[in-house]
Structures are given as structure tokens and as C-alpha cells.
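In the two complexes that follow, chain A is the common piece, with chain B as its partner first and chain C second.
And then the complex of A and B:
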């Protein structure tokens, strides 16, 4: 197992973010975490990354982890190639000379199709390009595990589907273990081997689905995928409704008050059904 | 710089030209919009010439101001000992350069402000970092710093006189107290403004929490804020020095003393001349040293608008 969580709970003072989460992720698997806002997805990722410690349970992570955040969080004082080379410099890898580091960083930039912008500064790039650079910055260290927290959440639909396809290509080539947080059911269906559904806060695992449909995926032609999508959507809507009830504090009804739950397939856009 | 938008052709295919024939209130509004668009077009047509228009306007403004001064002085509305002509001021400046009073005074003042500002820079940086790092320190000493920042630095002078007598140390003390807190607060704000995500990313990439984090992440991240703090600190240091020199006659002659001497001698040309010198030196350092560096860093870091 690349990642093994046993009865993990995380609390911030009185706020219980996640409760009793057990999850075993074999290496090479692409797993998406899906759940309503505030259910502890980012927290869980931070625990796996070692940026946060679990209040309960045990966390076993085998190998190095790299992380990509929703905002690229690039260093504005470094060029793209400087950003990508940052991790190599920090690792203090004495075996690598400066030119070797730059060569590796250039390779990583090529992987995300940003070679032309190696000498640009982050503020000169579009959001999609920054996000690709952040991916390259994580990949250059050749981590065993890639943790991605809504990496495409802030992008427009076209850029987003482009980056999804690129990520899939990279993953198919490198076969890294990926733990991917998203708010988009369709994104999760398009990318993952497995979708883990979390409940409203405190987050617990309420669904664990394996998807063995061949890639590239298209629910319009794949009936099994379409059926899975409806099932997941129903369950997810239920959890979101729970959150909405709690937040609205009154008699809130999904039937009358819910913001448009997208109709079930056959029509499925690659993005859409963003929740 | 603003981009030039393509100017709409006279045969405008834009729907507005069709709606214009209608008589509904909404079409009237559109017609008006169109008028505004035309206005902005013509102003954009003038865009290339703006580059020289601004300095030209400025030059014209100061030239007129100068001319007005000259004319008023020439007509002797006020006697020359109240308002000397620009020529008199020029003569004073030339003579003070020639007789060797001005340059040594400038050097003396420059030495004082360099030492004082240097001490404030080091002290302010250390203090600012300490405040940003320690919550306890920030809640106690930090509040005092915020309060003291609003105290005019010359208020420290009487205290300095009692502690150090009328000495170089007293002047130095006033300069340091004048610029220390501005630098402290700028450094503190710079550290606080670092996005938490930047720190998390740095940690994930192996920057640790020690020297490497400081060198490669924290210091570069606060550089823009630090530079604007440095610039502000300079302005405060210069003002404090002038105030202190005005009040400390018996020390080695600095330019503040020359200004004060002008008053003692009832020599208005000297007073005005020294005001120009003080203004010019303060501006020169700001414009030639601090401003370009601050702007270059802001550009590179992408914090535009500086």
C-alpha cells in the first residue's frame, strides 16, 4: 500500500474535520476524493502530506509525496524554470550540479508543455499555465505519490478539460499513486480508478467505488459508467443537502430549494455537475 | 500601459447604429453610450503623444511657478529681505559652493544620516522579524511600536539632550528613533503577508524551517514590503536629521545648521537656497536609489501598481 489510513480522525479544537477514516490505496492507483465543502478533504490531504497531524488513528505513507494546490502557489520571484528547480535545490542533492538541475527542470516543463515559458515569471502566465507549472514543480522530484487538492478548480472549462487530459497522459506514463480532491463528479469519473465519497462534516467514508471502464471515458457511450454516475450523484446530493440544511438552519428541501442538480445522462459533458 | 482598442469604423456594424433609429428609451441610452465610446476613441488617438505630454505639462507648471516668483520678486511687492529673487538665491548657492561651506556641510549631514539610517535599518529589520515570529512579543512590544510610530521624532530630542548632552550621539538617536519604527512595521507586515500556501508549498518541496527557508522563501517573499519600508524609513531619517540639526547649533556644520544660520543672519536667500538643497538631496536619494529598486522588484514579483 502506498497510503494506509486506519481510523484517522482530525480535529481543530472544537471543530471535528474528519472522523474514523480508513482507506488503503495501493501504489499506482488514481483515487479521487469527493464530498461536500468543508468535509475535510483538504485536511486529509494535508495529513497524508505530513503538513498536519491526525488527532486519532494511524497514517502510513510509503514513499515521497508531492503536492499541487488549488492555487498554483508558485514563487513570484523565480522564473518558471527556477520554480521547478526549487525542490531539487532544497533537497540539497549534492550529486546534481546546477546544470543538471536545470536540465531536469526543463524536462519537467516539457512534460507539461511549458518549455517556451521557462524564463517567464509566474505573473506573466495564465491560470492554466501556472497550474501546469505547479504540476511540473511537484513532478520534477519524482515523488511516489501525487497529492492534488482541486488543482483545476479555479480554471475555465476548456482549460480544465485540457489539463485533465494532460494529467491522464502523464499518469499513464509514470503510474504514480494519485490522491485527487475535486468538487466535480465528472472530473472524478473521467480520471480515476476509484472514487471515495466523504460525508458532510465530520467527514467519513460513505462510498468507495472502483471504475474499470477503459479510458478515454465517455458516459454517453458507456452505459455502466452512466449508471455509476447517477448513483454517485444521488449520494453526493444527499450529503450536500445535509450541509445545506445545517447551514440554512431551517427547513431546507432539496426538491424545491436545491440549486439545479444536473439531469442524469445520457448527456455528459466532461465538466459540468460541479458541486 | 493601456492597449489601444481598434477604433470602430465609420460604417459601424455594431447593433447600436441600428438601434439608434428606434425611439425607445433604451435606444436613447445606447446612443449616449456610443457618444462616450467616441469620446474615449479620440482620447486614445492622443495616446502616443501622452508620453511627452506629461513631462511637458510638469515642466510648464514649474516654469510658470518659477516665472511667477521671479516677477513678484522683481516688482518688489515684498522687500527683498522677505522675498529675494531667484537670482539672489542662485548667487547664494554659487557662492556657498565656491567658498567651501556647502559641500562639507552636505558631507557632514550625509555621514550623520548614513550612520543613523544604517542603525535603524538593522535594528528595524531585526525587530520586525522578531515581532512577526513571536506572538507574545508582538502583542506587547508590537503595540508600543505602533504607538511610538505616531510620535514625531523631534520629540525625542529633549530626551536625547539630557542623556547624551548636545553631541553627535543625540542627533543620531533622533534619526534612529525617527526611522526605526517605520522599518520595523514594514518588515512585520511583509512577513505577515506571506500567503500560507506559499509556506506549505515550500515545506512540501523540502525547504524545511531553518536557514534555507529564510534564505530561499521568507526573505525573497518580504523583499517588496521591505524595500518600501526602507524607502519610507529614509524619508523619516532625513526629516529627523534636519529637525535635529536645526536645534543643535554648536555641532559640526551640517546643512540643517546652514538653514538655521540663514535665519540668524536674516538672509532669506540663504534660507530659500538651503531649503532647495535639502529638498533636492532628499528627493535625489529617493528617486535615484530607492524608487528604481523598489519598482524593479515590484515588476519582477508581479506586484504591479508600485
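And then the complex of A and C:
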């Protein structure tokens, strides 16, 4: 197992972010953590990354992990290649000479097709390009595990589906273990081997689905995938409603105050679209 | 069929468009698509360039003429020519350089002491919540005292020697550097800090790799404010009492009614201020090639 969680609970003072989460992820698997906003999925990722500590349970991570955030978080004062090389500088890879580091950073940039912009500064690039550079910074360490925290959440729909396809290509080539946090059902369906559905806070595992549909996936042509999507959507809507109820006054009702129009579409208009 | 009102709105529009571009990029020399567009573009630029020089030149001429004809007495305002001669005399005798060196040394010493402390305290309160709670309130309180209001106290403490001047300058540059350093460290993008932490960065490495480079734009703004404050304080301190320096030179000249030398001193202060500002700008361009605000040409996304 690349990642193993046993009865993990995370609390911040009185706020319980996640409760009793057990999850075993074999290496090479692409797993999406799906759930409504504030369900503790990002917190869980931080626990796996070692940025937060679990209040209960045990976390076992085998191998090195690289992280990609929603914001590209590139240093504006470094060029792209300098940003990618940062990953190498920090991981104590002092044995590598500067030229070796730059060579490996250049390789990583090639992987995300940004070689031409190696000497550009982040502010000269589009959001999608910056996010690809952030991916290169995680990949340059050749980690066993990629932890991605809504990496495409801030991008427009077109750029988003482009980057999703690019991520799949890279994943198919490198077969890294990926733990991918998203609140987009369609994104999770398009990318993952497995979708772990989390409940509203405190986050608990309420669904664990393996998807064996061939890639590239399209629920419009794949009936089994469309059926799975409907099931997941129903379950997810329930969780979203729970969150919404917690965020509204008590006189609020989903059926009357936020009637779902149009009803959940049975077909996909856009792979990258949010739910 | 041609109505005379039709071409009218077109022409003023084109002229104003040309003017706008010229004032934004006065050195832009690349010709656009057609060469026939160059003459109309060059003409207003030349005109506006000449226009901006017209008033200063006219003023100088009037000044010279008024002095030559005796309308403007030399003790009120000596002729531009005699100011120039006074400057040349002072330069040849070496007095100019001696006073200049003394003043510059005072300014730089004050800047290094006050600026260094302001920078250090700003880093401290910016990076540590504890230091902020401990020190920031006091510093903000002291900041409200204009540094020139300290002159009587400073004379009591230090007399009228070099220490008094350096102290006043140090106080004057401390606050702008402190404030902007503190603010710069505080406003470093939180997502960068989080990312760096995920790579195991902390302590001094986090400071060196993330906080300091992130704060530099703001620190340089502080430096430019500090330079302004530095010259202002220097002038006030030197006017107070001095045995050398530009302030001493002008004060002595005033006592002997050498208005031309007084003017030389005034112009020197202006030139020094301009020089310091240009150096700060150069520093910005050198240190911040990545910052959009300091790019010589606007960058476009590819």
C-alpha cells in the first residue's frame, strides 16, 4: 500500500474536520477524494502530506510525496525553471550540482510541455501554464505519490479539461500513485480509478467506487459510467444539501428555497464542468 | 453630399490618440505597419517635447535678462551665469567637494544606522507575532513624533556635533524602512509560505527563500521614502549648526550675502536628492526583474 489510513480523525479545537477514516490506496492507483466543500478532504490530504497531524488513528505513507495546490504558488521572483528546480533544492538533494538540477528541471518542464517558457517569469504566463509548472515542480523529484489539492479548481473550463487530459497522459506514462482532491464529480469520473466520497463535516467515507471504464471516458457514450454518475450525484447532492442546511437559517429548505432547475442532467455537456 | 460636420470628429480623435501614446512611451521608436504613419506621430512628439522645455528656458532667459538690466538685484537673486561661476569657483578651490563629501557621509551614516535598524525591526515584527505584539505598538506610537521636533532634545543630548545630525537622520529613515519592511514581510503570499512548508522549509531557510524576496518590493518602496526623509533631515540638521557640509556652506554664504553660493547649495541638495532617487530606482530594476511594476516595457502574456 502506498497510503494507508486507519481510523483517522482530525480536529482543530472544537471543530471536527474528519472522523474515523480508513483508506488503503495501493501504489499506482489514481484515487479522487470527492465531497462537498468543507468536508475535510483538503485536511485529509494535508495529513497524508504530513502538514497536519491526525488527532486519532494512524497514517502510513510509503515513499516520497509531491504536492500540487489549487494556487500554483510559484515564486514570482524565480523563472519557471528556477521554480521547478526549487523542488530539488529543498529536498536536501545537495548531491546534485546546479547544472544537474537545472537539467532535471528542464526534463520536468518538457514533461508538461513548457520548455519554451523555461526562462519566463510566472506573471508572464496564463493560469493553466502556471499550474502545469507547479505540476512540473512536484514531478521533478520523481515522487512515488502525487498529492493534488483541487489543482484545477481555479482554472476556466477549457483549460481545465486540457490539463486533466495532460495529467492523465503523464499518469499513464509514470503510473504514480495519485490522491486527487476535488469537488467536481465529472473531474473525478474522468480521471480516477477510484472515487472516495466523503460526507459533510465531519468528513467520513460514505462511498468507495472503483471505475473500470476504459479511458478516455465519456458518460455520454458509456452507459455504465452514466449510471455510476447518477448514483454518485444523488449521494453527493445529499451531502451538499447537508452543508447548505448548516450554512442557512433553520427556515431554509432545499426543495422550496433552492429548487433544482434544471434537474441533474443525464448527459455531460462538458467534461470539466462543475456539478 | 459631403457634410462638413463628418470629418470633424475624426481628426481630433486621431490627434488625441497619438498624443496619448507618445506621452506613455516617449522613447518608443519602432515604426508601426506603415511608414506613412510616422510623420504625424513624430510631429506631436517633437512639439510636446519642446513644449515642456519652453517654460524653463523662458524663465531662465527672463531671469538672465532681468539680472543683466538690474531689474532683479543680485543680492535677491544673482544671474544664472554668476551662480554657475560661483559653482565653478567652489569646485576649483575644492571647497565644493569637501562640503559635499561631509554632507554625503552624514547622510549615508544616518541611513545605514537608522535604515539598518528599521529593516531589522521590520523583519522581526513581520516574521514573529510575539515581536509584533511586543514592539509594534511602541514603534507606531513613536512614529507620530516628527523627527525635527526632536531637535531641542537632541541638542541637549548630543550638543551640535556630528552625532546630533546623524541621530536625527537615523530617526528620520528608521520609520519608513521599518513600516515597509514589516508590511512587506506580512503581505507575502500565504500560498507561497504554505507551499514552501510542504517542502519542509522553515526558520531561516523560509525567511531567506520566501519572506525576504517576497518583501523586497515593499522594502524598496520604504527605502525611497527613507531617502526623501534623509535629505530633508540633513538640510534641517545642517542649517541648525555645522562646521562643514553643504548646509554650513550656504549658511556662511548667507551671512556674507553671497546669494549665488546659497543658490549653489540649494541646487546641490536637489541634485543629491535626484541622484539618490535614481540609485533607488536602479536598485529596483536590478532586484525586481520579475515584478510587473518595474518592467521597462509592459510585458504581455505569450
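We adopt the following convention: the second predicted complex is superposed on the first by the 258 of 275 C-alpha atoms of A that agree within 3 Å, B and C clash if a C-alpha of one lies under 4 Å from a C-alpha of the other, contacts with A are read in each partner's own complex, and residues count from 1 in each chain.
As a working rule, contacts are C-beta pairs under 8 Å (C-beta built on N, C-alpha and C of every residue); 3 or more make two chains touch, one makes a residue touch a chain.
This structure is a prediction, so every number in the text was calculated from the model and none was measured.
When the two complexes are overlaid on chain A, chain B and chain C occupy overlapping space and clash.
With both structures placed on the common chain, the touch criterion links A:117 to chain C but leaves chain B unconnected. By the document's definition of touching, both partners, chain B and chain C, reach A:69. Using the contact criterion defined above for the overlaid structures, shared-chain residue A:126 touches chain C, although it does not reach chain B. Using the contact criterion defined above for the overlaid structures, shared-chain residue A:49 touches chain B and also reaches chain C.
With the contact threshold set out at the top, residues 49, 51, 67, 69, 71, 73, 75-77, 86-87, 90-91, 121-124 of chain A are in contact with chain B in one structure and with chain C in the other. If you check the complex, the residues on chain C that touch chain A are 189, 191-192, 194-201, 209-210, 213-214, 216, 288-292, 299-302. Put simply, chain A touches chain C in their complex at residues 49, 51, 67, 69, 71, 73, 75-79, 86-87, 90-91, 117, 120-126.
Within the complex formed with chain A, the chain B residues making contact are 195, 197-198, 200-208, 212, 216-217, 220-221, 223, 300-304. Every residue of chain A that touches chain B in the complex is listed here, in rising order: 46, 49, 51, 65-67, 69, 71, 73-77, 86-87, 89-91, 121-124, 134, 137-138, 141.
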